[in-house]
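Note sheet for the following structure.
For reference, chains read A, B, C, D and E in written order, and residue numbers begin at 1 within each chain.
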């Protein structure tokens, strides 16, 4: 119980850190902290494999990716985020989020749900248990994940293609485009009130 | 069936053929063709009347159906014709006088480039008028009624370049429509209650009924039609303006035939008048009022045709007086005599106008008797007739009306009629003296004056014969009409009667006095026509007692005002429609900035939706 | 089968014109119009017929078409007037124009034949489309807002009617369980007091906007003024009749209790519209506007006839629909020719044109007289019957209607005289040519025939109206 | 029936994904092999779907109840495959799109197809994600400024909404203890607040994909910024996916407690119909206009869900078809017009009626179908929805539908009128580009639109068969 | 004994904080991270409920969430890079040309 409270405090403070950190790098690091504390929570909730996956995939792969991009995009720049300029944005968003979060907390606490007396089934949460499911009846989910990963890979290829291909495409586009409307004129037409 | 259709359709044939082929007809043909057709129609009419006469006196009706007009919601209304002695008289006058005026018109319209159109209209008028009088039910009568109105409109506006003619035509048409609408509602009422509008059917029902408010109102609505057509107060001003048309038209339509359609209608509906006694009295009273009102106006007019127009209105008043008090035969008698002498007067006036190159102002006339002997003497005969000087025709008919009015217990109406008769003498002789005697006031016009050609004088002379000797027809008319009037209840005093001798004497005395005054004023003193029209009674009378102004303020101005306010409302409605569109458009434009383009705003919007959904749920629980 | 042909000829014809049209478009469409007219004559010889096919069985929607006395002559009116409009159209408008005109004919015929509410509604909206494009594409810049107004106002009305239609069917289906949209089977629907007024209003407003009746005529002035004259002729001559037809075909059988209940109010509305149109016409200076508002006034007259809920009034409205359609169609065609010749619509700058164009003047006068309800012409027949129906209900309305007839005479004569008579103000124009004389004269002859022999229509129409009238009688109206 | 038979269409698409990838790798620059392969795959899937349909299968459950194959899913398959093939044809490779385009389209289509057959929460989530991920890529795929913005907006908001969806799913799972839809209703916690809160969150996630106000903000922006065929795919396919999963979830899992979600959806539907159509009115950019119009139509679709009746389900399912056909038709014309531009504004349409009369005529048909004018499918769909609303005693929804239609009218009429305007200066129809693939889409769309309007009976019949959930009766 | 409902409450708190992050921050990367945090919260809730019901499905779901997050992050970062690699400032409010 105490462990849970400590982990909860850790997780919450890390997540607050993510939101409040000035630099994206710091945010990313806080997020790693959050992920790690959650991983520990998973362990306590008898989800051993997931705890491992959380650490390996999230902290290991995803966050590293994040850090790469952060450094790529913010390298050499030391600028602070501009202050809020949307009227009421933070007040409304804050109040709403607090209320919504509060509602969840209240609901979760008020309606605890059944407590099963029976012991946990064997292989609950370990690699065997998950593996039996995922390579058994739930195999189709893995297929879906595979497809998603394929599309992610394709996405990266499409969005940030190699230089050579980019040139090819630009040439092809120029050949086709004789009267390409510049974004400015499009803007104007779109902003006009029409007839 | 046989004859009736021909009587009606021959003039229509003329109208159509002339209308269609006027482009390829020789110049003179339309007049001759039109006159010929009306002449044949006249002959057929005589034949039909003879046929009618061969029937036993109490059953002189030739009636039947051509084909149904409308069916489907109750008893059918048919194209029904109805020839009885009453309509027999009318068709004779219409075709007979009509033919004479057609012939006269050949001369009168000789120089007009549009005379083919003129004859087409004239034939169309004869057709419509015949349809009116031969109709066997009120609905067909109404069709004829409206078509004569149309013909009148067309002919008044014949010279459509003249703004005054156009205005007069419009006025005539609209005023006549008032009457049409009255008849329309009246006959709808009758149909709703009795499921028939044919004369025979209605008359049987009237016979079996007692007077009631329903009949009074129905009769009033029908009388409204008669009022409009026959220029009874307050719907009479159009007739005076109608003199904008060619003079033969004034003679035929606005004196001899069409304007007496109201008389015909009221006479025809004599069984209805029995069950609507109040209305009958109103008819008589308004008739009497008209006699004196119009006569007073006639006294002060300068335009020769206007004098005659007011005179017509006045004479129509006599006829309505007769109808209203129940002296039906006398009324018809006066109609016949009036057709002769008033047509004659108009044709004579037409000759004068023709001779003077279109001049109508009596101030520019005078001394024409030397130049136009035929016209002058026939005109004199007609003047004597209308003045009621025995033994001319007018004397008999007018005395019959006045006498019967007196006999039937309406001494006040009689007095009005008698005084008006005196005034008639005065204004007619004023007209006669100013036109034909004295010195020529406009030498230039006088120089050019000439007698009309034979084609014009012959009809005048024929009519003159009627005007002089027509009075002797009274007895025959009694025999002819009385059986017809006795077929249904409602005409107990239809026979022609004359009043006590002193009443005749009184009227005659007034006439003589009026003649003397006119002689003194216009022969001896040479008074101007403008005299006494500047102020007082004279001014009022000259302006026809400002009835036109009354209409302007009672109808035209309010109608236009309504029109204007309606236009305001329309602006409002259209603005409302447009406004609604603008509101939606503006609303949409106002909403657009909500779509700010900021992702965080969008996320907030999602959050707001989430909050709302949760709140909705929590509040419900 | 002839019912289907009546629909198919203009539909197929429209596409034929669209594909093969080109320079021949006008002649081709005139030929199709003639064929349609022949088909109508065949139908006339057949007498009342009906066809009933399944369409969407799951919803009980049927392809139920028929021609009875009520719709027969409206179909004829459509055929005649479309042909006239085609003749009166400029050939230079091109094939799309004639496509839309023929498509409109298809829609109108379909509408008048429909005996199923959904089918009715389909055609009800389909006829909006051609007018929208005729207004958009063939009447210059000002036509577009008019087209927009036309379509949106009409759709606002009809969309609510769609709710009404479905609601009626659903309510009718509640006890029996199966949907049906056939008018004849819906007549026994029992509407509760809570929904009845709303459903009634949804139908009423749709029909009133289409007619248009005051005060739902917001689209009318612009559309009538801006449309090419033949289109205006179709709009006022045929299209507007759809509204009144809806009253007769749908509201009488379905909403008799409501009609009885609101009768006085409806009559007052109609009579206001009647007077309103007349007075507006009195104060206009644009000749198309005069006849447009005169048309509004006449629509009020027809509505009066319907709302009198008497046999005569309803028959009168039926007759007046046909008569007014022909008359006002002719009038607008004549006005269109005038506009073409003078390049203006303002009465004040015209005058004395009768000198140049006596034949045109004669026809103008004829149509003006017919429009003002001159006895002897068919307009009068309808007005007479309507006034008779009103007299049976309440003579006050009859008297107001009669007064409006006088105003009608006033503004029509004013229009005619202003254009054709008095001093000449404009430049000379030519008279109409032989073709124009031909088709206008045939229209005029038809009008004269109807005026002289209205029984030709009422004889056929009355038996079909019997059903409606019977309903009137049994549900508390005046039988006669 | 084995899974390999019942899921044959999906398997074919999966195989097609792989083959297309290979084809894309070995293609020549500007070649169309990948597109052909993908198209053949889609047609094969379509054939398999129709074949399954004709076998009159009974509902079959696979993979631990995660997938259910029944007439409903088959009908959805057809809709999705139409959307996917139209997208492929409009973005025929080599003309405009990169070679990965067909693959991504196929993957997204796979997600949409799976949404029609999901039976538990896991599959729901995966389906949504399989649908979304390729679309994130596709919307930004042209690497233009606006395209990037569209992609970024879609991505960030999509991730955000997926988070909400996931948390909702977790709560639902927590309240019921099961992942399967059909077990929710039998769970003891049918009226548990936790369940309701979870349902609300789930709904937010799904309504976001459907584009319901106030979760709609991304729609116009993403539509406007995305490449034309992608917008077409989002407008048709995403709507299909989101709508059918919403219906499936609510009709299978929550049919016992419609009072918890029915009214809420009703109000949202009203709001959406009004706001979507209203905002469509003043738009000048046609893609953006279709975005708002799509929001409005999503509101119409939501009626069918909100009334919670079998008629509603059928009506919603039916409405997807005419809506989608009109979308693909309209986008086909926009694609033909704007081959060298990312977007088409209303003023670009000027002169179209004169210069391209046939295209203008077809555009008219599609616009009228959107507006619900009879003789087009849109009208029949609206009629069906009206029936649903009135049968459910919800006149408010009926009136909302009518008001929305009325507000939307202006939006559809403005482009139509613009076509008749004469254009000053040079013709902008010069860049007109008609490919056979566009023509195919146009023909299918117009035949379908008009056919549905004139004789909808077969489709009504199919819809009745596919949405005939027995517990809704 | 673990009170899973407290863990769910924790998940709720993290979820709310993530939501705040998305709505408060202008840096797209941080916004993206915040939404990843929301996903994590959901995964936590799933695992907690799995524990409560002794049901492995929840854990499977959590695993799939992690896997999906991986691919989503791949795509997301690609988009962010492609949008921002020419811009100097990582500010999501600058990306607001599409509006109205």
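Throughout what follows, contacts are C-beta pairs under 8 Å (C-beta built on N, C-alpha and C of every residue); 3 or more make two chains touch, one makes a residue touch a chain.
For each chain, UniProt lists the protein as follows: A = NADH-quinone oxidoreductase subunit J; B = NADH-quinone oxidoreductase subunit L; C = NADH-quinone oxidoreductase subunit M; D = NADH-quinone oxidoreductase subunit N.
All values reported here derive from a predicted model rather than from experimental measurement.
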| item | value |
| --- | --- |
| Chain labels contacting subunit A and also subunit B | D, E |
| Chain whose average C-alpha position is farthest from subunit D's own | B |
| Two chains sharing the most contacts, counting C-beta pairs only | A-E |
| Chain whose Cα mean lies nearest the overall Cα mean | C |
| From subunit A, the most remote chain by mean C-alpha position | B |
| Gap in Å, rounded to a whole number, between the CA centres of subunit D and subunit A | 26 |
| Between subunit C and subunit A, distance of the C-alpha-averaged centres to the nearest whole Å | 65 |
| Subunit A and subunit E: spacing of chain centres that average the CA atoms, whole Å | 4 |
| Subunit B and subunit D, separation of their C-alpha mean positions in angstrom | 77 |
| Subunit A residues counted as touching two or more neighbouring chains | 86, 89, 93, 97, 100, 103-104, 107-108, 111, 113-114, 138, 141, 144-145, 148, 151-152, 155, 159, 183, 190, 193 |
| Sites on subunit B at which at least two other chains make contact | 581, 589, 592, 595-601, 603-604, 607-608, 610, 614 |
| Multi-chain contact sites of subunit E, meaning residues that touch two or more partners | 8, 11-12, 15, 18-19, 22-24, 26, 31, 36, 43, 48-49, 52-53, 57, 60, 64, 68, 71-72, 75, 78-80, 82, 92-93, 95-100 |
| Touching chain combinations (by label order) | A-B, A-D, A-E, B-C, B-D, B-E, C-D, D-E |
| Sites on subunit B touched by subunit D in the complex | 581, 584-585, 587-589, 591-592, 595, 597, 599, 601-603, 605-606, 608-610, 612-614, 616-617, 620-621 |
| Residues of subunit A that touch subunit B when the two form their complex | 86, 89, 92-93, 96-97, 99-100, 103, 193 |
| Subunit C partner contacts - residues on subunit B that touch it in the complex | 19, 67-74, 76, 139, 142-143, 145-147, 150, 153, 157, 160-161, 163, 166, 169-170, 173-174, 177-178, 180-182, 184-185, 188-189, 191-192, 559-560, 562-564, 566-567, 569-570, 573-574, 576-577, 581 |
| Contact set on subunit D toward subunit E in their complex | 121-122, 125-126, 129, 133, 136-137, 140, 143, 145-146, 148-153, 155-156, 159-160, 162-164, 166-167, 169-171, 173-174, 177-179, 220-221, 224-225, 283, 288 |
| Touching residues (chain side subunit C, partner subunit D) in the complex | 54-59, 96, 118, 121-126, 128-129, 132-133, 136-137, 144, 147-148, 151-152, 155-156, 159-160, 162-163, 166-167, 169-170, 179, 195, 198 |
